[in-house]
Structure formats: structure tokens, C-alpha cells
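Down below is the structure, laid out as C-alpha cells.
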Amino acid sequence: MSVKPERVILEQTAAAGTLRDTAVSHIGLRVPEVQATADFYGRVLGLVVQRELADGGLQMGWGTGHHVLDLLPGERSLAYYAFEVRDAGGMAGIRSRLEQAGAPVTEVDPALLDASIGDVESIETTDPDGNTVQFHSAVWRQGEGAGDPGRRPVKYQHITLGTVDVAPMTDWFTGVIGFRISDQLEDGRFAWMRSNKDHHTLAIVNVGARGNVDHYSFDLAEWEDFKSWCDKLTEQDVDVAWGPGRHGPGNNLFVFFDDPAGNHIELSAEMEKFYDDRVTYVARRWNPIPQSVNLWGGQLPNWRRVSGVQS
Amino acid sequence: MSVKPERVILEQTAAAGTLRDTAVSHIGLRVPEVQATADFYGRVLGLVVQRELADGGLQMGWGTGHHVLDLLPGERSLAYYAFEVRDAGGMAGIRSRLEQAGAPVTEVDPALLDASIGDVESIETTDPDGNTVQFHSAVWRQGEGAGDPGRRPVKYQHITLGTVDVAPMTDWFTGVIGFRISDQLEDGRFAWMRSNKDHHTLAIVNVGARGNVDHYSFDLAEWEDFKSWCDKLTEQDVDVAWGPGRHGPGNNLFVFFDDPAGNHIELSAEMEKFYDDRVTYVARRWNPIPQSVNLWGGQLPNWRRVSGVQS
Amino acid sequence: MSVKPERVILEQTAAAGTLRDTAVSHIGLRVPEVQATADFYGRVLGLVVQRELADGGLQMGWGTGHHVLDLLPGERSLAYYAFEVRDAGGMAGIRSRLEQAGAPVTEVDPALLDASIGDVESIETTDPDGNTVQFHSAVWRQGEGAGDPGRRPVKYQHITLGTVDVAPMTDWFTGVIGFRISDQLEDGRFAWMRSNKDHHTLAIVNVGARGNVDHYSFDLAEWEDFKSWCDKLTEQDVDVAWGPGRHGPGNNLFVFFDDPAGNHIELSAEMEKFYDDRVTYVARRWNPIPQSVNLWGGQLPNWRRVSGVQS
Amino acid sequence: MSVKPERVILEQTAAAGTLRDTAVSHIGLRVPEVQATADFYGRVLGLVVQRELADGGLQMGWGTGHHVLDLLPGERSLAYYAFEVRDAGGMAGIRSRLEQAGAPVTEVDPALLDASIGDVESIETTDPDGNTVQFHSAVWRQGEGAGDPGRRPVKYQHITLGTVDVAPMTDWFTGVIGFRISDQLEDGRFAWMRSNKDHHTLAIVNVGARGNVDHYSFDLAEWEDFKSWCDKLTEQDVDVAWGPGRHGPGNNLFVFFDDPAGNHIELSAEMEKFYDDRVTYVARRWNPIPQSVNLWGGQLPNWRRVSGVQS
Amino acid sequence: MSVKPERVILEQTAAAGTLRDTAVSHIGLRVPEVQATADFYGRVLGLVVQRELADGGLQMGWGTGHHVLDLLPGERSLAYYAFEVRDAGGMAGIRSRLEQAGAPVTEVDPALLDASIGDVESIETTDPDGNTVQFHSAVWRQGEGAGDPGRRPVKYQHITLGTVDVAPMTDWFTGVIGFRISDQLEDGRFAWMRSNKDHHTLAIVNVGARGNVDHYSFDLAEWEDFKSWCDKLTEQDVDVAWGPGRHGPGNNLFVFFDDPAGNHIELSAEMEKFYDDRVTYVARRWNPIPQSVNLWGGQLPNWRRVSGVQS
Amino acid sequence: MSVKPERVILEQTAAAGTLRDTAVSHIGLRVPEVQATADFYGRVLGLVVQRELADGGLQMGWGTGHHVLDLLPGERSLAYYAFEVRDAGGMAGIRSRLEQAGAPVTEVDPALLDASIGDVESIETTDPDGNTVQFHSAVWRQGEGAGDPGRRPVKYQHITLGTVDVAPMTDWFTGVIGFRISDQLEDGRFAWMRSNKDHHTLAIVNVGARGNVDHYSFDLAEWEDFKSWCDKLTEQDVDVAWGPGRHGPGNNLFVFFDDPAGNHIELSAEMEKFYDDRVTYVARRWNPIPQSVNLWGGQLPNWRRVSGVQS
């Protein structure tokens, strides 16, 4: 930390905050071994296969809930990620701002979507890093989280994308899509964005490479469940990779472990809420030190080798 | 409170206590906007549409559970309410006492009922206020309550009917149907009746008008869930209308909020139990003061303008 | 206790510990009144009928989970019990060791099995007591435990078999099948065996007769649930027969009640874990006194009249 | 139960309910080995010796709290029991009614009392069984309960006196002293009386002999503590004698164990509250069956051999 | 809300944030009946009298802890309030900035202070409203909070002062003393300031009059304790005046009740933390609506008649 | 792990298990800055100074409890450690076995001891590593743990000594003193010993040097407290150094942080119990891998550089 880190204030333009009822809905990951990875998600997370895709992929979700994870054959990479837009006029606004920005907009096959509330609308575009991102209208979500108690059920919560340059991504998500920045690292290498009352539904981190998720996260109900989960993971021969701890940005409790393809999975609880309809906020700027991403202490997971947060 | 309130002791005749394993099973509400109201119940309570009715109504329940709520198009009013009678010989007894009392008894279309245990039996009659009330034999109830943890699941618990005169209603429910009075306000304007081990499955309150529910209630597992629920309601832009607090009659914890049609919904826990097979009880009489309906303090919801309980 | 009890050390041969990911999956019980017993399991345990069997029997399980209980018409007795073998090469090893031991091995009709993960394999043989025991390959288990919160859900945990001689049974289960002994009573009349990280998935107790389960057990999430369950059982007019208490062997919390056919059902939590991949264990030997089976005190259930544990 | 039990309704006269803020404050027990018994209360209950009495007795309490237990040398028996009267005018009323009833009233040495709030007043009389009973004015009670967490602290709650005839005792406590009956067994052999909002602060049970406590009780904060306590008792080689269970009268959770002199100690939680300032109650009458004193099931402690409650 | 409220941004000058380890330590209240009020604080809050003051006042605190409340004879008003400054160089800095600002600075009699850590330093000055405010160096605080479990113990947390003009007060506390603004209402009529990691240790609200506390607050450990407290207050005939609810600014859970002199007492938990050593914050601005001070709903206590928060 | 580790079975001779009611009572540490270190223990652990020692040292404990920590001026090192022997005849047995072994035995000044139960007895000797170790008879322990809730109180639990050779230490503690080995690492470089029902009260680890504690430990009541503690430590600018996690040997939950002198402090809960009066145990042998000391995953604290447990 002897070299003074650069200070970068990530800007937000007019559209920022347009979306207030939008949440991550599913993610598509390419993994080398689809079946073994699906077995892991069934055994450890309680997900079930809801649909087999044409190319050998599998759509997984909880019981009667919407699907949250698509596993597709291929080298480990991010195939696409998707948001459910529940804001009134939200889909139309995104579509219009994307067209204004000259971004490619194509329709997604409605057959791949969960049961819709009202008319189905689902579009696909490309984020500044070239990742495929989808936006779709409201789906029936009841049943999500109806997993096994004991192995206390969870909600699909957020995605953190790895990139080589954070600002173009946050510019696009705030200026074109309508997210808002909640927190950033002072050096501009990590940013957390919100699109509903949760502190973040999407985060962007500079990991020195594009095209992968840094990690993604499920919600637990409470701290008590972290013990149950760590004990269950041990029973299933899955090592905890980081935590339990508490993040600075978002103030949420966390614990991390890996899937067989090497994707980092986070379990989280107690995330800070934002009430944009009642309050005027300014994004906070955190020191790029380990204690910012774990308030309780300075240990980092061994996989965070390239990051704005280093010890 | 300067005027001395009248003292009314609600009587109970011979049939009182005949039913000991009978519970509220569903309620039919007319609401102006069926779809928007159903969306609310899906989003906030976790109910799913289980059946579409001929007239545009919707039957809702939890996952694999029995249905608990029918939403029917029309001005806001009570369409019907129903009890599941699990007492041995219970259905026959009610039918016989109704006939003896000269009440109209018609059969309900079994197709509208949930999966039955043993032979289906379902009858419909009219209570002294002219409301339609149904009684049916045991149905499979597993799965009720298998809602989302975090948003901790609930049981359908009781109905409180608004009326202009409490005594005819309690006379009928104790004398003809076989319920028993657990508690009453001393002025006779509010009464709580039981038909199983719960302190009440049905309550009657003088609100100056007939033909509506005063409120109805779902059970939570414990106090911890009241915080989760209040926080979730806030996330969903639903205001708490009353509580959290603790009722005198029933000693149950409570919190209230409204559905889009203006129906008052209660969440409840820790309700007092009655063991009629082991104990001889006499109904208690409470002072008609706000502290009786909220032991913790005197605040009343702003919608309880006409009531036996006034500040 | 004036007579010095004999000391018996139950031996374990080479195959002991071969299985490390094997668990009890279902049990078949003959009961005089199948329908009434099924109603009890639906009402009290939240099980649903998943399949009707040819001979009037019923397969029951939780919601979308695998089946855990078969009720078959007949005098009260054990029809069969079954284990799911998830160990790599586990089924082949059991089959080969059974054949080497000259035991009868027949295939089970795959139609009676739950949805399989990978190829189905299911065999049936006879244990030294003449009981039918099945072993089958991995099945999809998601949904087990998705019961009603409040009536907090459970996992199917272990079976305890009654016998007249413990050693032949433990010899066979350790030497031929590949279980391992965790604890025994010093007099050799009770033994607890493991086949995964749980302290026991199978126990054998000398009750002076063959051909019945002594009891079987479901897991609760935590101590808090024991109060909820005891209160719920009381509401359903089911008496607690033993406990709540804490076992010595396994260190698990417990409470017992009976089904209508007289089978003893245990609810359990906090069972001790064994980590055979990291530790070398030697089976412990407990004094045959009531305080060994209930660390908290010396009361025994009134049905444990013939046992290695007497007061 | 083939012999029809007699039905006795315990009467209450005009003074009943005069006291509404009176609680048990301490008890004096004669025990053969004062020091060993005091060690037990220090080790297990966390009590400390607060004062040495002239005759070799010891006054014990928690840290800075008032004293709750006097151990006096002698054969095991009840030396005296005492109530703190916080009702306005309460002491004067009791004194006057005692004099009216011709009962002996003497002053207690104020030096034996804890720090008083306002003027000290402390009188001693004899109950119908000949037991010495004391009533004194308010004392500073802060610090009571400041015991060790983990070994979660407790409040001194109630006394149950053994007798040969219940009615004279309840007549005296309701008619002369001013208590009120909350519950009774239908055969009149057990009665629970209140003098504040707790369901009972004093109970009377026919055990076939006079002059001893049947048991006395401390409050725990919640169910969770019952597990901690049972585990702690086990660590300290103290057997649980009855429970955990839930009483019918009072609805409180309970567990029992014995002190070295053979006195029965109860730990209790969740006791029902009475709001006499808001409600008119009639005492309930319970069947004299084991399920009345343990709602969860029919096991009785082995020391309840002579009682109104028998199996 | 038809009239557009004025928007006021409360400024913070250079000294803001100088203090990072400073907390409210005690408050002096004039009350008409000192003894009765002290009895209330002993009975309800568990405070004990630690010292009698010359003028008939009483210093109260918990057991071995520092004193938190001085009750002084007189009309109900604020006599003084005090902060413990643990910052290195904190006392010297405050003294120097006060002198620079021309404020009167006098020494407080050290005999009135609790046991000091290191050299005692204690000064008194006057805030812009003319209230007496004290700052003193670190005192031994162990034992604070060692109250009675069940009646779960608390920490003395913050003071909210009533005023007629918020800005001069926040100017002085940020510019001269060294506090920092965490949140404000958009109309500038309510502001929350921090001096350690808690969201606020001091708040200022425009209530149309000077010289009184608006309310002051104690910390509870967790939500579970709110039920215990509300039930205990009910047992002690103390009405809850507002809540339970959750504040917007500070995000803390709350419940309010009054002392006999009419002072409003808050119990609080889960207050938001600020990490000024790691993060750059900008004070948030909340809409002046009831939902800002109770996120769960719009009910206000009946005593908040004049306020920036109105319905 | 490519080099095969040596396998060492630590032996236990006849005296092993003699002690069954003996526990660590206090520890004396030399630290460079006594006052600053005492401030830390007051602020973070809630300890208070109970006595000032002649040489500038301080005895610390909780409120009315016995002392648990002596801070003595000097370079960081272990001055002495002490056990309270509650076994009947325990002190005499240790003294006699020490004399038989030719160990030096001197009396400790009784003035330095806490209030004794019965006659005081306190001796001092030297362990094989040359550390001073004391054994004393029973002291009054009530009040230990009466710390601040919120900052939930603790019990002083165990000491782990660093050494260069484990076997001589375990030989002496089992063969001469009367402890018993519960668990060991397979390579013999770490051993856990018990002297009451806790899995260990003393552990010995090869850290390549003599004369220091490796760490020492306090008990928390439950997992919930680990979150409170980690949050409190963060508030007090103390970093968590390791955990939260769960140990293999002892199965206890843990978290570690350092005092200002660099001593490692552990907080622990859920430690395994041993019932030597009912069970025959054989010490278990764990693989010397990180997952043995943290079942949840392989992270080690950065200060465990020389150890039998390496990654």
C-alpha cells in the first residue's frame, strides 16, 4: 500500500435510477462437464433440472420456482446473464435507450422463459465487454426458495462480473440500462450497482480479464444458517473458500465455495437496503484494502489474486 | 369512556362445543380488480393460482396445499366463507341441526373442492346476517404452508366477520353449528369462538355494517418472523397498518396490512390453546378498551372507526 | 445392576468402512389398517401418498421428494428396509461381497424406485435375521424435507432393528455390506453403525424378538423444533412417549411417539458426525444403564421392557 | 380411572383478588447438611451465600439481588415461606384481615430482610396447615437474575405446598390473604393461585402429608435454555427427574431435578398471564389425569406417588 | 403534503469527523418527583441508585457500570447532557476549539464523575440553545449492561434534543465539537450525527421549543428482546407509545414508552454502523414523511405533534 | 504432503483419567505494556482489574468471578498457568504423584488465590518444558461469565501450550497429573487432553519453541454470539485472525484474534463432551492436514507458520 492508489469517481448520468424493481433472474454458464456440475447443484444447492436444452444444456431452479441457472457445454465461461424487469414501463425504457445507444437488440425465444405475468417480453443485447445480457418482463416466482429447511432455502441474489475496465460497464448500466451505483472502491476497480431496494444486484470488478463471472450469490435467511450451511458443505466434502465474514459494501454476511467448474458461489444475508423513493443517496467510496471487503479481518480468498482489493 | 358501557353476557346453548376438530378452510372475496389483487397475493403472501373459475374468479392456495382464497369479480364484499369439519359425525350433526333450525341447506359442487379424504360432503347455508357459509368434510391439506422461508410460511387461521349485532351470530354458531365462545368484550360487541384447540377460528365484531370480513388471518411460526415480514412488506411497498402488538383475547402476536381491495390481513402467532377434552372453561369477558385488543398499548388501526373498542 | 454384565466387544472385519456415502432411503411396514395409518402420517408427519401399490399398499414421501415409507396390509411387521448407495462402486462391491458370502441376490422392480441418477440398480437380499433388505443406486432426493414450516420439516434418518442376537447382524453389516460400528453397549446388546458421516444410519438392539423395527427416526433442524413438535403432537392428540432427551451414543436430541400400528417414531437433531477420511476411530463402549441412552436422566419409555438397557 | 372421581369446586370469597402485585420472595428450608446443600445451590443454580444466620443457617441469593433461599439445619422440612407485597395498602389489608380472622401476627426482625423500598414492614403468621408464612413490604430486587449467561439466569417464581386438605388452604389464601384461584383439578386435590399477573405464585397439592414444599420453581427466559440447562445438569452429574414438558394449568414449560436434601426444583418458562384489571375470569377445572399436568404426555415423575394426579 | 417543503442542506465544516470514539455517557433530567421516577427506572429499566446528590438528586446506573441518568428535583427539563471522549487528543481538541469559538468552558467537579481511566478531565460548556453540555475523558464502563436477562440488558445509546432551529446546533456540533452528520430530513428539521461507528449518538429535531430532550435511547441486543420487553412493560402496567418499528435514518428497530415525568424512552437495536476510517460518506437526505421515521408504516406516536415529520 | 508423515501414537499410563473434575483456572502472561494490555482486556473482553500485584502486575477477572488472567511486566512469555482441582482427593493425588516422580513442589501464597471452598490448598511445580504450573483446590466461581450481554459473556476454557516435543508433555500430564488424551494428530505433533467432561482443557502443540502459550480460549454460549463478537471486534478495531470455523478435534466452533502483546485468543462454543464414568474411549488420531483443524476448509491463520498442521 506504499504506492498511492489512483482515485476514480465513477459517474452516473441522467438515466441512473430509472429501474427500481429489477432483479437478476438467471445466469447461463458454460462448463466442461454439464452432468457432473448439475449433480453438484442438485446435491448442494437443492436445484432440480427443469428443462433439457437442445444443445445438451440444462435449466435448473428450485421446485416450482423460476429457473436460475443454465449449464451449457463448453469451456468455463459466461454464456449470458439476465434480469427480470418489474418496473412499470421498464422493458420499453430499456429497449428505447438501447436503440438510442445503437446497441443490438434481439428477441429471446419466449419458450425458454418461465411462466410470464401478463405479456411476455424478453430481449437480448451485448454489454460493453461483449457479454450477452437479457432483460425480460415479470415471471411467476413463487416457489423460489422452497428448498429444504435445515439446508435452509435461498433466493438468487446478485452477479459480479469480472472485467478489465470497470467504468465503461458502470457507465452503460447506469446511463443506458438505468441502474444506480451504491458503492465503489476509491480506485474505481470495483463497483456495486442496484436496481431495486437491495444494495446491489450487479457488481463489476477488475480481475484483469473479461468474459467470466467473478462470483454469484444466493441469499440465506439469517446468520444461524451460515453454521448449518458450513456444516452441510463439510458433510458433502465441499470446502469453504472464504469466510464466514461481513462485506463492507452492502454490509452483508458472506461465505464462499466453488462449483466443480471453478465458479465461485457466495451465500449472503443481511444485505443493506436502499429506499430511493424516500432518500437522496450519494455513492460511497471505500479504501481498496482487504478490510473493506471483509470488515471482520484481512483474509482474502486464495482465488482473488488479481483485484482492486489486495493485501 | 365516561358513559358506563352496557354489560352483555353472550349465552351458549347445549350444542356449544360439539365441534372440536373444525377449522376455517377458505374464504371467497369479491374484489373490483381480480388480476391485480391476485398479483398482490402472489407477490406478498406467496399464493399461487390453483384454478380459474367460470365467472372470472381465481382460486388461490400455496403450492400443493388446499385453496384458501377465492377472488371473484365485483364490488368489495364477502362472497362466502367455509369450514373444514374433521370431527367424526360432524357434517351429519351440522346438517341435522341446520334442518332442525329450518335453515336452507344446499349441496356445493364437489368439483370446486380440494382433494377429499374419504367421501366428499360439502353443504352451503346462510348465516343470520345473510352471508353464505359452507361446511365440508376433510380435505388433504399437506403442502399448506410450504411457502418460501425467509418469507416464512403461514397457515390460514381465522376469519373475523363484521356485523351490526353480535348475539344472533354467536347464538347461531354456538347453538346450531356447535362452536364455543372463548372470549367476549364485556359490552357484547366482540366475540371470539373456537371449533378446535385454537382460541378462535371465527370472531364476530360489531362494525355497524353487515356483509364484509372485518379481517382475516394467517399464522406465522414465531415472533422472529414478524421482523422478517415487516421488512419484506416494506421492500414490497406495503405499509403496516397496525402493530406489531399482542391481542388480549387469544394472547396472540399480530401485525396488520391491507390488500389492494382494502381487506385487512392479519399475521398472527402464539395463539392460546384450549383443551376442552381435559378442562371446563367459562368464557372470559374483557373491558372494551384499546388495551384489551393490544395488551402492549392503546394504539388502534386508523380503519377501526366503528367498533366496540374505541379510544 | 448387582449382577456383573458380560462384556462383549463387537468385532469388525476388513470390509468395515467400505461404504461412506450410503444412507437409509425407505422402509416397508406391514400394518393392520393401511388407510388410517396413512392418514396419521399425512396429518402428523406431512407425508403424502405418492403411489398406490398392487396389493393395497401405499408409498408415501414428502412433496416432490423420494418415498420414505411403504405401508402394506398385514399384521404389524417389517416388510423390508432399503439403503441408497451413493459410493462410487458401492453397488458393485455389495453385490460381489454378497455373492462371495453366498447370500441370495435378486433384482428389485425398477418401477418401484424413485427417479434415478444415472443407471438404475436395485438389489434385494436377506439379512442374518431373515429380514428383506434392499440396496439401490442414487435417486433424486430434492424436495425431501420441503414439509411445512411451523411443523418444521425433517429428513429420514435411521432405522433401529430389533433382534435376538446383535453380533451376527453387526458382523454381516460390517463384514459383508461395509458399514462400521460407531458405538456399542458394553454388554453387546445394542450397536450403532454408520455408512456416511452420521454417527449411525442403522442400529441393532436385542429386544428378544426378530422381525420388527425397534424404532425409526426423522431429523429435525434444531432444538427449537422440539417444542413446536411436542405442542403440535398435543394439538393432534398424539402423546409423547419418551423425552425430550439426549442420547449418549450419537449425542443426538430425541423425542418419541407412536404411530397407530404401534411403531415407535423418533425425532432427532444434532447427531454426531464422523470423518473417516481424516480420522482413525475406535468404537466406544457404553455402560448398559439408562443414563447411557438418555444422558439427561434415567427415565425409559414404557415400551422398552426387554432390552440391553434396563433400570 | 374406573372410579368416578369426586367433583369439588373450590370457592372464593370477597377478598379474593385483593392482591395484584404480590410475589413469592423467599423460602426457608431445613436440610440435614447445610454446607453441602449450599455448595449444590452455588454450583448448580449460581446462588451465593449472602448472610450467615445465628443458628448455622445460610441466606442465599444471586449477586446483588435479594435473598431467595434460607438453608437451616434440621430434618428436611419447610421452615417458612414469604411473599413481597407491592400492592398499595397491601400490607395493611393483610394485617387487618388476619386480625379479623383471629390469626397470630408477629413482627419479623427487619435485620433479616433485604434492603427495603420505603418503610420496612414484615409480619409473620401461621397458615391453616401450621406452616409459618411471612409477608413483607417492597424490597430492592435489581440484580436478581444477574446470574451466569450460558447457565442462563432465572427468577424465583412460585412455591407449591404439600398438604392433606386443599380447601382450607385455598379458603385462607383467597378469603384472608387476598389471592385468587386460577385453575384447579376437578377433584379439588390441586389448586393454583395468583397474586400478580402470573398464573400462579402459590399452588397447593394434596400429597397426603403437611409441612413440606411439594416443589418450588425458578423462571428461565425461554425454551432454548431448557437444552442448555439439561446439558449443564448432566455435566454436573445431576439427573433430570421429570420433563422437559408443558403443564396444563399455567401452560408453562417445565423440567424438574432434586437438591441433595430431596427437594424438587422446577425450571419454568412461558407461564400464562392474567389481566385482572381488564378481564373477568372464572377458575378452570382440569381432569385429574397425567395429561393435565404434562400436556405432552402421560409420564409422571417417580416421586409423585401420592397426588391428585395419578396414572 | 401539497405545499412543497423547503430543502435545506445542513453544512459541515472542517472539524467535522474529528471525533471517532466519543459516545453519550449520561444525561441529567429535572423531574417533579425524583423518588417515584427513580422507582420507575429501578423497576422497569433495572437501574440502581449509585449516589445521592447534594440537592436531593440521584445518580443512577446499572450494577457496577458507570452512571447514565441523573434525576434532579424541578420542573421537567434537561439539566445537562454529557459525552465520554475516548479519542486520543479528543478532550484537548474540543477545549481548544471551544476557546477559539469563544464558548464558556468550566471544569466539572471530578467527584461527580465515574472511575476514570488515566487522568480525569471533564469540562462543561453551553450549546447554541443554551443547554449545558459536558465532555469528559474515558471512564471504566465494564458492567454497563449487566442487567437482568429475561429483562435483557441494554446499553445507553443516544440523545435526541428538541430545538427551534436545527442548523445552529448541527453547525456547532460538527464545526466546533467535531461530530459528523449521518442523515438529515430534506427540510432540515431533523438531523442525526455520529461521533463513533454508530449512525448517531446525538440527534437534533425541531419540535418548536428548546430545553428538553425529545427522547433518549437504550440498546437491546436483538429483535427477540422487543417481544420480551413489550410483554414485561405490559406486566408492569407501562404502555408502549410507538412501535415496534424500524427507523429509516439509522435503520434501527425501535419501541417507545414514557417515564412518569413524561420523558420519551426508546429501546433500539441493529443500528447502522459507519466506518469513517475506510469510507468516504455523504450525508443522506430523507423525505419528511412518516414512512421515513418508521419504514414499516405511517403511524406516528401521539406525542409527536410538532415536528418535521408529520402525516 | 508427498512425504509420508511419521505416525506416533501417544501413550497413556495408569494414572490417566484420575482427574475428572479439574479445569483451567487462570494464566499468568508477561507482556511489555501491562496497562495498555489491561485496557484491551477491559474494553474487549469485559475483564476488570481485581487486584494489583507487588511487581506491577494486575489480576483480572469478570465482576464477582474468580480471576482468570494475570498480566505481569516483562518480555512476552508464559509466567505460569493454573488448574482448579475439584476432584475428591485430587490435590492429594497430584501432590503424591509429583513427589513420587521427584518433581519440585512448593506452596503458593494463599493470598493470591480467590475465595476458597473449604480448606485452601495450592501448589506449584514445573512441567517437563520448565513452565511453572499451579494446582489449587476449589474456589467460588459464581459470577464468572456475568459479563455484558450483547457482548455475550464467556467462560475461561482451555490453554494450548507451544513446545518442541509433545510426547514428554502428554506423558507427564497423563502419567503424573492424571489427564487423559482425547485426540491427537497422527504425527504426534498436536494433542488434546481432558480433565473433566470437556473434550480438552489443555492442548500441546509442537511450534518449534518452548515457553509460550500457543493460544488460550473463552467459551461463548452459542453460534449466534460469533456474529455479535465479530461485529463488536470490528467496532473496536480488532481484526479477526482466523475463522469463524469449526475444529475437528473437539468439534468446537472457533474464532481467533490477538491481544496487543500478540497472544492469540480463541472464542469457542459447542465443544464435545466426554462421559468417562459411562463410556470407554480410545483417543482418535487425525490426519495432519488443515481440514482437521478447520473442518469447514483449509485456511490457516497467518501466524501458524511452524506446526504439525501445514497446508
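First chain written, first letter: the chains are A, B, C, D, E and F, and each begins at residue 1.
Throughout what follows, a residue touches a chain if its C-beta (ideal position, glycine included) is under 8 Å from a C-beta of that chain, and two chains touch if they have at least 3 such contacts.
The chain list, named the UniProt way, goes like this: A, B, C, D, E, F = Glyoxalase.
Fair warning: this is a prediction, and the values are worked out from it, not measured in the lab.
Student: Which contact partners do chain B and chain E have in common?
Tutor: A, D
Student: Among the chains, which has its CA centre at the largest distance from chain C's?
Tutor: If we average the C-alpha coordinates per chain, E ends up farthest from chain C.
Student: Nearest 5 degrees is plenty: how much rotation brings the CA atoms of chain D onto those of chain E?
Tutor: Result for this pair is 120 degrees.
Student: Go ahead and note the Å separation of the Cα centroids belonging to chain C and chain F.
Tutor: 40
Student: Can you check how far apart chain C and chain E are, centre to centre, with Cα atoms defining each centre and the answer in Å?
Tutor: 59
Student: Express in whole angstrom the distance between the two chain centres, defined as the mean CA positions of chain A and chain F.
Tutor: Result: the chain centres lie 44 Å from each other.
Student: Would you give the residues of chain B that are in contact with at least 2 other chains, written as numbers and ranges?
Tutor: As it turns out, chain B has residues touching two or more other chains at 63, 146-147, 149, 152, 231, 234, 273, 291, 295.
Student: Report the complete set of touching chain pairs.
Tutor: The set of touching chain pairs is A-B, A-C, A-E, A-F, B-C, B-D, B-E, C-D, C-F, D-E, D-F, E-F.
Student: Considering only the defined contacts, which chain C positions touch chain D in the complex?
Tutor: 223-224, 227, 230-231, 233-234, 239-241, 244-246, 253, 291, 295-299
Student: Where on chain C does chain F make contact in their complex?
Tutor: Contact set of chain C toward chain F: 186, 248, 251, 272-273, 275, 278-282, 284-287, 289, 291-292, 295.
Student: Which residues of chain E touch chain D in their complex?
Tutor: The contact residues of chain E facing chain D are 39, 42, 46-48, 63, 146-152, 228, 231, 234-235, 237.
Student: Which of the residues in chain C end up touching chain A in this complex?
Tutor: 63-64, 117, 140, 142-147, 149, 152-153, 155, 197, 219, 221, 273, 277
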